[in-house]
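Okay, got some structures for you below.
What follows is chain A paired twice: with chain B in the first complex and chain C in the second.
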Partner chain A sequence: MDAIHTYSFLFHFCLVAALAFPLLSFVLSFYISEKYSWITSVLASFLLLLGTLASAVVLYQAWNHPPFAYRLEWFSLAGYSFSAGVYINNISALMLFIVTGVSFLVHLYSVGYMAGDAGIQRYFAMLGFFTFAMQGIVVSGNLLMTFVFWELVGFSSYMLIGHWHEIPAAAEASKRAFIINRVGDAGFLVGLMIVWAHGHSFDIAALQHMPVDPTWMTLASLGIFCGIVGKSAQFPLFTWLPDAMVGPTPVSALIHAATMVAAGVFLLARVHFLFTVPALHIVAVVGCITALLGAVSALAQHDIKKILAYSTLSQLGLMVVALGAGSPQAALLHLFTHAFFKACLFLAAGAVIHSLHQAQHQSHVHFDVQDIRNLGGLEKKLPFTFLIFVISGSALAGLPLTSGFLSKDAILTALVQWHGEGFSWKLLILAAVALVSFLTVVYTFRMIWKIFKGSETATAQLHISEPPAVMRAPMAVLAGVSLWIWFSWNPFNFYGWMYTNIGEAKPFHSGMVSIASAIWVILALGVAYVTRQVTVGSPLLLNAFYFDRLLKQFVEKPILQLAALTHHADKKWIDGFLHATAYAQLIVAHLTGWFDRAIVDGLVDGVAGAAKGLGSFTRSFQGGKIQLYIFWATFAIIIFIIWTLL
Partner chain B sequence: MNVPVHHFLYLGAFLFSVGLVVVISKRNTILVLLGLELMLNASNLNLVAFNRLHPGNLQGQMFAIFVIVVAVCEAAVGLAIVLRIYREYQTSVPDDVNELNL
Partner chain C sequence: MQQYLLSLLLFTPLLAALLSLFLPATSTATFRIITVVVNVLQVMFLLVLLLNYQAGAGLQFVELKPWITLNMGNWGILKASYFVGVDGLSLPLVALAVFILFIATIASWKITQNVKGYFILLLILNAAIIGSFTALDFLLFYLFFEFMLLPMFFLIALWGGPKREYASIKFFLYTLLGSILILIVMIALYVSVHDPSTSGQLVHSFNLLHMADASNFISTSVLDPHRALQLGPFSARTWAFLLLFFGFAIKLPMVPVHTWLPDAHVEAPTPISVILAALLLKIGGYGLARIAFPIFPDAAFHLGWFVGLMGVISIIYGGLNAMASKDLKRLIAYSSVSHMGFVLLGLASFTAEGTAGAVYQMFSHGLISAMLFVLAGVLADRTNDRTISHYSGLAGKMPTYTAFILVAFFASLGLPGFSGFIAEIMVFLGAFKSAGLGGPLHESLAIVATLGLVIGAAYYLWTLQRMFFGPLNVKGDFSVDQLSDLNRREYFILLPLALAILFFGIFPQPLMSVIDPYAQHFAAFVLETGKNLTLTP
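Then we have the complex of A and B:
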């Protein structure tokens, strides 16, 4: 690394272009008339290809150079200026490339998968928008800006889960994902406020030198971790992810496996320096619970996408454990490998669903094509998809020679290094992670076996053909990068070019871990083969330990009760107080009204009345009646006489 | 028969008062004139009664006769006016005659 490095114009241009193309795709999708909506899909894919090329240039230029930081005054408030900025180092450049690349492949795949869909423009628009927002998180050098893009990602996820909003389940799931994410984001916001209060900056580069107060730092990092728990579907805010599977399958591949849920892990790695040791312990425990829960639940699922969703949960849990164990590199390595093989698995699952739907459409037979109990023996009819499934499934299971093996190895190594000598609770976490990796093999094997091996049941009389080339190509690319070769030359040593360059490399590698891991996985494969016919029929696992209901019982109900209570208090006390003041004011108003009418007006009226009375009185003598004059004259004379005589 | 003079004065005062009340309270102009006559006659009575106190002096009685003459004239003129007014306005109530236009 050279100390002083100036970035070229090309780098700046490509950085802007990488973000601009998806945004352009989002905007253009609305300007194409509905008649030619197929253009949208082609155009969007093309723009994403350009974006991918641009991000590749960014990666090439930024790799192993000093971080690129650019700061711009955003707005100032109460004497503090808030900046918006870009911060690009190895990690974010690589992540930018992976996000854009996977997004491009998913766009390409969607051209085939979503062909003929009524909302195709909205679909591609939101896909483009999501890509832009995700890139925003990746390049952002400022936590406030990250938060903005974070919310945009949540919004586009909401739009895409609810793409088929006429299905009640989809509408429900999209709302649910959005709301659960908001719960986490509330914590995130609190964390940000604490960070601001102590560092007076949101800038990631500046925060690294901020004065540290352990208690507050722990609180701040736990707050930020709340946001990550929501976005990366960690325990206890994970229930939205399996539900989100009602969205289109490419969306599940891109958002709910490869990128968006990874945003949490990415952010956690980026602000890892903020986390104190107790906070990291909590992070590790939460990750461990999530990993176990996901893996165990995946054993009992029947829906292909649900299995993959729970496996995503479990893999995200592993990444979080690695972060908790203080090894962002291992987490990021797993994040990158997982992005490829999980996207690939989802696309392959989408291919199975797509092919079966097409076949069903021709022969007018209807059954749930996502239910693996209805599937079987598709190996002959879908050989290409089978191959893809096997490669990416092996990567998920962590079989040797795959990328998954390397990254899982990195996590295990980090954990071995972390727990140190002797017995402690950290050993339990290590054991749990080992169990998770065992279970991963079992459920992956079970899924592939149920779909492709055995005898055909419901699918026997269908004419099933492979998906079109536009869908096969992205799957092939993703399956290709699920191999070890892209991450490390040596298939048994994760210590390759990527691992050493995404963080401060700790020179620790135990060949023992690799060998033990390989043996463990092979053992798991054996167990999986033996127990392939056994289905875990536990409704407890099928519903992820009824965590939904648990949340309902212990969170939703008390909150509703609290709401009812506060509502009551509001009605009774606050409204009562307001009403009392209102009534008091009314009474005062009536009093002043009365005073005005009776005293003020009365005085004026009284004077006027007196004048009027006097007038009437004096007028009464001048009545124009002769006899009255005579009377008064007489009267006056009498008085005069009495006056003089007395 | 020797009636004390103050009895005449009482009668005169009584008649005068009655005349005054009639003048003031009656609506009809003729009755008002009637009351007027009564008052004149009450004063005549007083004039005659005072003659008793000064027997040699006839100025009072002269004055009484003079009053009678004037009263007759006055009654004649008054009645003539009342007649004209009645012809003009179809009424003999003075209060109703409150317009000057003809």
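Then we have the complex of A and C:
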């Protein structure tokens, strides 16, 4: 099959190192004394840098080579092996590099952003662990291993979203994120059970040859898709993602870009072969709903981070649509480009928040710095951040010359190809995706305009300065890689070195799509400029169609009521029954007691009493008086004589 | 020494209890030291046992000595033996017992009231638990099984909380009922089974291995598998299985016969809670796997769906109840109900995965529940108040405590990396594939059981949110100053538990290789025999 390719020792070493450094960062964080907790932040960043270098070597060595597969038995049972497998091909090597690299940049940025935070050790420890867990998903060649790291990603996101645990909203959001993810994971587990029952292997390579009847295959793939819906915040399990914005902003950058939500799309691409056609249709529809829902909700938000959160939702929806349309490489290309520009946007947003917080701290003015209605005209005070925002925002909007344009183009092309000729429901999806890309431009432009253009309002009196270099550097790097050049030489052709090497390239590319897409976004930009002053005040959109409230009302409340009912059942019915039997026994005991006393004892007492009476009666004969004896003797003789005579 | 290893394990605590009887009650430290010495000795015996144990070699360290032989004339000969041994089912549980009993001794350091009585009862309990896990003679098993009841009753009734009398009597009556159900079956089995090794004379034996062989049943006896005596709706063997099932299910505990557990836990002192959750519950699952299933595989096969269904009901009902609990200890108790449901589901799957998962779950839950109850005890020691709503924001005040709580909660909700995950995933895999192998469980049971995972996450994280996160705030009859972080003793009780949970979550192979041969044998045996016996009229 594949040409035998022996991987060098360096490759093995670097692969282990790439994963070991983040884990080491997690472990070491516990050993640094609290007094020098700032060391943690520097050390963690340094370790992640080493990890990034190692993963770069892995990428270089594995790129366009036969896949590297390695299986290590984790445990065995009944002759079946549960292995911890590693599988590195172009996709996973690239993803590994991106995950580690973005995480390193986020680490570096956090050195500045989180300086002085009381829980800084815990923060960097979990950041390292988060990265490690995500890397685990990326390199895993085994679905069980993927599931393990999948849940660990959930756990570390729980810890990070709830980093400021004193804030009730943070505690609430982290809890929700984990539980909603768990709902998806339960579905994932069902998928695993089906796979195991039919194939007795979790090895992804082996599963490709698994003979399974289509119904079970569809169910298995939909089960796994449930997990993806949870982790990649798809409809209907998306509410945790906007709520998760209460976490530190660098964490949001990580969650939204390279880790966590990316995991779902990545897995979907990896096990794409398991999905049957009906399953893929469901995938496409779910993705489409999510993309639309995210885009229209983003229009009405006025919290910077919420806008970005809903935009992530919408972009993830696009990726999932592309996967549903049978084009994993388009989805992956968008995943990779998105990883950079979304991380960049979050870091830039964090820079605004950080700078304003610092300024507020000095002047004791208080307003919500994340609310874009309070912002405006920051272009002059934060020129660097503005530039970064514009570049990464353009990439999000998919303007030409950015990476986002390429990947969005890839998705649109895939959809055009998918829907084929004639009219079908697939055309609706294509139309919806076009609408989403239009809306993306509108809300992105509006956000940047509101923050940086116009006149300053609440911030006018503040002395605002750009964030420190340690924060600016990662932003600059990420903005740099948001340009097209890293993905394809030709800014209007996504068929670059990356796209053609992350899947079987389909010989279909229409220049028409690129041109139409370019015109479409320019048009959208115009519309956005014209309508920049119009605010979308719809509370329905602001609350994302009240979906979390619906969940609360129709899922959470009934479950709590059910819980109360079981409590009641235990107390009143089961224990009540017990107590009733206990009382019944008591009553029976009393009855038997009474029977004993009144009847049995009564009888015995009666006999005894009779004997006693007789005894005292006869005793009375023997009074000791001689006259009496003579009397009774005479009496007896008389009786005797009468008796013999008769 | 090897051939007496189990006896050493078993009789050391009994001898120590006897010795303690003759010591003056005033020297309190002596009793503690004696118990610790016993624990250390047991650990040493256990190590020798583990080093010499050969996975896959079936029963080992067997001791078979005549114990009671009574010639009953026409009724044959009654023969009970001192018959002990360990295999892949009992070894993990014996190891768990030795470990947890050690932890419980250290956790008992704070007991000041009637120290002599307390430690003597603890030692008797120790022997009874080890005995229950190693006995292979039904009469011997029953003796140890009953022997656990009494010390437990007094330990709750005398050293317990305010409602201890109610709780202890409830515990006693419930488990006594279970014992009676088991006793009935034991007598029926005794008259139905003969010892195949003796020819000529009719010898009734209590040997569990003999009972598990269908050919040892006396033909036309009440439980003869080839006779299929009908008693009402079920055959006699089905009745017997049901009696055993409920007898052990009370101990497990299974919904709806579980209500003794929350009360007993809430009132019991911390170390007793630990023993109760970590070890006593396991005897329910152990009894099913050792006695009920192998002796009545036909009935088990027939009623497997029922056992699995009750497992799923326990998982979900227990979880929901945990969610509604207002007391931390009660919550943990209900989570035990939920987790022990997995044992039922796994055993009823009749697959190697399910069985291994069930045994792994018993072991893992032993560690996790011990940790949870120690943690609940820490809080109760500080404030005498375990009401969840009385606390908020403890994470800032008690960081180390919170770290351990996080470990225990996430381990209990089945996060990968902790031992519970391995157990639960194995149970799920086994339960789901049961139907495909001709086993008794429908696929939907495993699917519904996954709800338990979500509910588990919900009640633990909700508790974390309510008690540990948010601003620091307390209500009730105590002040914030009482909330000191873990002291050294508590830390060193919790640390080994946490490490063990982590170890068996990351490296399952050492334990799995012990369980594996047993699980394969058990699943194949109950499935094959169950099917075949059901087919013969």
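Side notes on the structure shown:
We adopt the following convention: the second predicted complex is superposed on the first by the 551 of 646 C-alpha atoms of A that agree within 3 Å, B and C clash if a C-alpha of one lies under 4 Å from a C-alpha of the other, contacts with A are read in each partner's own complex, and residues count from 1 in each chain.
Operating definition for what follows: contacts are C-beta pairs under 8 Å (C-beta built on N, C-alpha and C of every residue); 3 or more make two chains touch, one makes a residue touch a chain.
The shown structure was predicted, so the numbers you read here are calculated from the model rather than taken from an experiment.
For chain A, the partner touching the most residues, choosing from chain B and chain C, is C. Contacts of A:626 after superposition on the shared chain: chain B is touched, whereas chain C is not. In the superposition on chain A, A:70 makes contact with neither chain B nor chain C.
In the superposed model, A:634 lies in contact with chain B only, and not with chain C. In the superposed model, A:182 makes contact with chain C only, not with chain B.
Legend: residue contacts after superposition of the two complexes on their common chain; A:46 is shown touching neither chain B nor chain C.
On chain A, the positions that touch chain B within their shared complex are 624-627, 630-631, 634.
By the touch criterion stated above, chain B contacts chain A in their complex at residues 20, 23-25, 32, 94-95, 98. Of all residues in chain C, those touching chain A in their complex are 170, 173, 256, 259, 262, 317, 320-321, 323-325, 352-353, 356, 393, 395-396, 410, 415-417, 421-422, 425-426, 428-429, 431-433, 436, 443, 446-447, 450-451, 453-455, 457-458, 461-462, 464-465, 468-472, 508-509, 512-513, 516, 519-520, 523. Chain A meets chain C in the complex at residues 73-78, 144, 147-149, 151-152, 155, 158, 162, 165-168, 170-172, 174-175, 178-179, 182-183, 185-187, 189-190, 192-194, 196-198, 559-560, 562-567, 570, 574-575, 578, 582.
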